[in-house]
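Think of it as A, B, C and D in the order they're written, each chain with its own count starting at 1.
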Amino acid sequence: MRIALINENSQAAKNGMIYNSLKKVADTKGYTVDNYGMYSAEDSNSLTYVQNGILAAILLNSGAADYVITGCGTGEGAMLALNSFPGVICGHVCDPSDGYMFAQINDGNAIAMPFAKGFGWGAELNLEYTFEKLFSEESGQGYPRERAIPEQRNKKILDVVREHTLKDILTCLKGLDQELVKGAVGGEKFSELFFANCKDESIAEYVKSLLA
Amino acid sequence: MRIALINENSQAAKNGMIYNSLKKVADTKGYTVDNYGMYSAEDSNSLTYVQNGILAAILLNSGAADYVITGCGTGEGAMLALNSFPGVICGHVCDPSDGYMFAQINDGNAIAMPFAKGFGWGAELNLEYTFEKLFSEESGQGYPRERAIPEQRNKKILDVVREHTLKDILTCLKGLDQELVKGAVGGEKFSELFFANCKDESIAEYVKSLLA
Amino acid sequence: MRIALINENSQAAKNGMIYNSLKKVADTKGYTVDNYGMYSAEDSNSLTYVQNGILAAILLNSGAADYVITGCGTGEGAMLALNSFPGVICGHVCDPSDGYMFAQINDGNAIAMPFAKGFGWGAELNLEYTFEKLFSEESGQGYPRERAIPEQRNKKILDVVREHTLKDILTCLKGLDQELVKGAVGGEKFSELFFANCKDESIAEYVKSLLA
Amino acid sequence: MRIALINENSQAAKNGMIYNSLKKVADTKGYTVDNYGMYSAEDSNSLTYVQNGILAAILLNSGAADYVITGCGTGEGAMLALNSFPGVICGHVCDPSDGYMFAQINDGNAIAMPFAKGFGWGAELNLEYTFEKLFSEESGQGYPRERAIPEQRNKKILDVVREHTLKDILTCLKGLDQELVKGAVGGEKFSELFFANCKDESIAEYVKSLLA
């Protein structure tokens, strides 16, 4: 599994700490972590949480990432932005039990975490423990286990609803303010990480046209 | 303000308790609470969290409600479903500080709460305290206050993105499995509450056609 | 009611913020807040959490305070220290529901809060909301209300146990390292606040002898 | 390490669930868990949280247990009761980060957990995760690690203070209402578990005299 980390500007200074917690857990599972930044509060390419949503949608829909870890001050803005795009199911996850239950019940492909609210002593412990439980078992097996069948059914119905209510990803991306999208893919290491892993020609072409 | 309460099947038994906590706070503000059910675990009209999303979208887009309080076991499913529709900005809100910050930073029109996770002694206190803080001040003023301007800007950008990425509400509703939508509007008191408050002719007509 | 605020060295920089949150709530109730410091990280009189316990015990046993608000990084150290003295029943209180339940079930006279763990955005909201609920009703009425009788009975049995297992307060204080006790009462405003409100001659005399 | 589990009456029905979570973690460490009950809500030997304190004090001071896991509705009553006895340092621990930090900073020998407050879906996950982190590393190494020295120093000072302020354990036990103490040691499996592991002759004798 290829996990992308995306941080927005207000909590960009915490990128290194979050990356380390995530990598520590991913390494034990043999997963790869791609750090798409922002890398620090002084990062020249600033991302808003709306841009986190755009970037996450590009990565997940193109297959460049299988999972996205993101967040903002409370996690709510990033969660809302990611869920505004097709092909993204983003939970709001604050603690280890959240991590486990979101993976098992909702079987999404992204989480948005609070990187400022409640983020004091022990925050890096909570991150690590949450990643451990988010990735502790194959997702989508239901919680509690005896509710697996209705939970899996609802997840599939939700997927169908979202496929219908949201436009297709390229229509979504092309219809947005293109400066906003450019900013989302303007990170220092974006091209290096993205083009090596993108599995969708049409999205790759569109992104190339933007960066040209 | 007219607040709609919507519960799904897994936690339907808690509807009365949630309604009481919400009404207690709404009354102090002069707000109205419309309880759309489910009213109990035995309610003949069962709602899944996906249907909570459909119902919330109908209520908010038609002006029949100004705010929706909903949830499910962890709150994640209901949150995902609501955010799958245009005209809905649904936070995942677990405690009083969440309530205040979501109102001030994200200025949404719906929250999804966990009605099973962490729901033990004190759960009814936590509900009441959370509603108090969600509705304690005019929303959208920023948190912390000195960040109001970028936060309001991001909220507007998110609104524009969602207007673009999501299809219009009637296209959304008409394209879904119509049995799913019928179930969403099949509650015992739906017609009584909805038609008295709906402000959109075309949504009212569509809903009437469904119920015919 | 006279409420004393006591901070230890590791989180002393937050004293002003905590005081403001506490005073905001106390003012609405007509309660007085005595700020015993530490007042800042640079305060010349440093308090450890053990000294918070000594100071709290002096204030509560002498009647100079009716309630103590204290804490440390996680709140655990301060809680342990306060509960090491007779006449003190100190809860570990982290959120508004904790505040309400500790007041109603345990009917103590002190709380220790985490001033670093989980202390990020919204921490000052959580403090204020917690004080609101801690002091929202007369304490000791039971939670849930129908359990008031066994809860009040257990509280009385606990009081009797602690009266027996702990030595009397002057024996406790006089048997400690007197430099440790001196530090506990060495704050800039200690004498001004304490002697004006102390209701116990023998404790006042002992403290005077220490400060001589 | 020999870990004792003690439940009081209000949450006795959860004993089996708590035991399973604890045993699952203890087994991975090679620790033994002694379940002192209560074993169910119908257990003929009812324990109040005050009696949890008495029993914990007997087990820890006699060496029959090295660590005590206990709790009550909010965890506050059990925590207060345990800390009313010499030789016991009991934290109030609600989540995995609490578990880790209490072990590393405060290096206690008991925790009291909330078995009703916040105890809903995911509660058994939270228990298991908390035990994992409580016992994840040798305790008392400091958190954050660079604060180990002052934290260890404060812990030693607290131990000395408690040795002084609290009477010796047999004086404590003998001075209490002996019916209260008898109830604390009246559990179905108490004698079997206790006498096999007790390392203190005088406590064993006193307990035998009670049970005679």
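One rule holds for everything that comes next: a residue touches a chain if its C-beta (ideal position, glycine included) is under 8 Å from a C-beta of that chain, and two chains touch if they have at least 3 such contacts.
Computed from a predicted model, the values in this text were never measured in an experiment.
**Student:** Where are there more C-beta contacts: C-D or A-D?
**Tutor:** Counting C-beta pairs in contact, C-D comes out ahead.
**Student:** If you average the Cα atoms of chain C and of chain D to get two centres, how far apart are those centres in Å?
**Tutor:** 24
**Student:** Between chain B and chain D, tell me the centre distance in angstrom, where each centre is the average of that chain's C-alpha atoms.
**Tutor:** A distance of 43 Å separates the two centres.
**Student:** Which whole number of Å gives the spacing of the CA centres of chain A and chain D?
**Tutor:** 41
**Student:** For chain B, give me the residues that contact two or more of the other chains.
**Tutor:** If we look for residues of chain B contacting two or more partner chains, we find 73-74, 97, 101, 117-118, 121-122.
**Student:** Classify the inter-chain contact topology: is it line, ring, star, complete, or other?
**Tutor:** Topology of the interface graph: complete, with all chain pairs in contact.
**Student:** Can you list the residues on chain B that touch chain C in the complex?
**Tutor:** The contact residues of chain B facing chain C are 95-97, 100-101, 121-122, 125-126, 129, 133, 143-144.
**Student:** Which residues of chain B touch chain D in the complex?
**Tutor:** Going through chain B, the ones touching chain D are 73-74, 114, 116-123.
**Student:** Report the residues of chain C in contact with chain D in the complex, numbered from low to high.
**Tutor:** For chain C paired with chain D, touching residues are 10, 48-50, 53-54, 73-74, 76-77, 79-81, 83-86, 89-92, 94, 97-98, 101-102, 105-106, 108, 117-118, 147, 150, 154, 157-158, 160-162, 164-167, 172, 175-177, 180.
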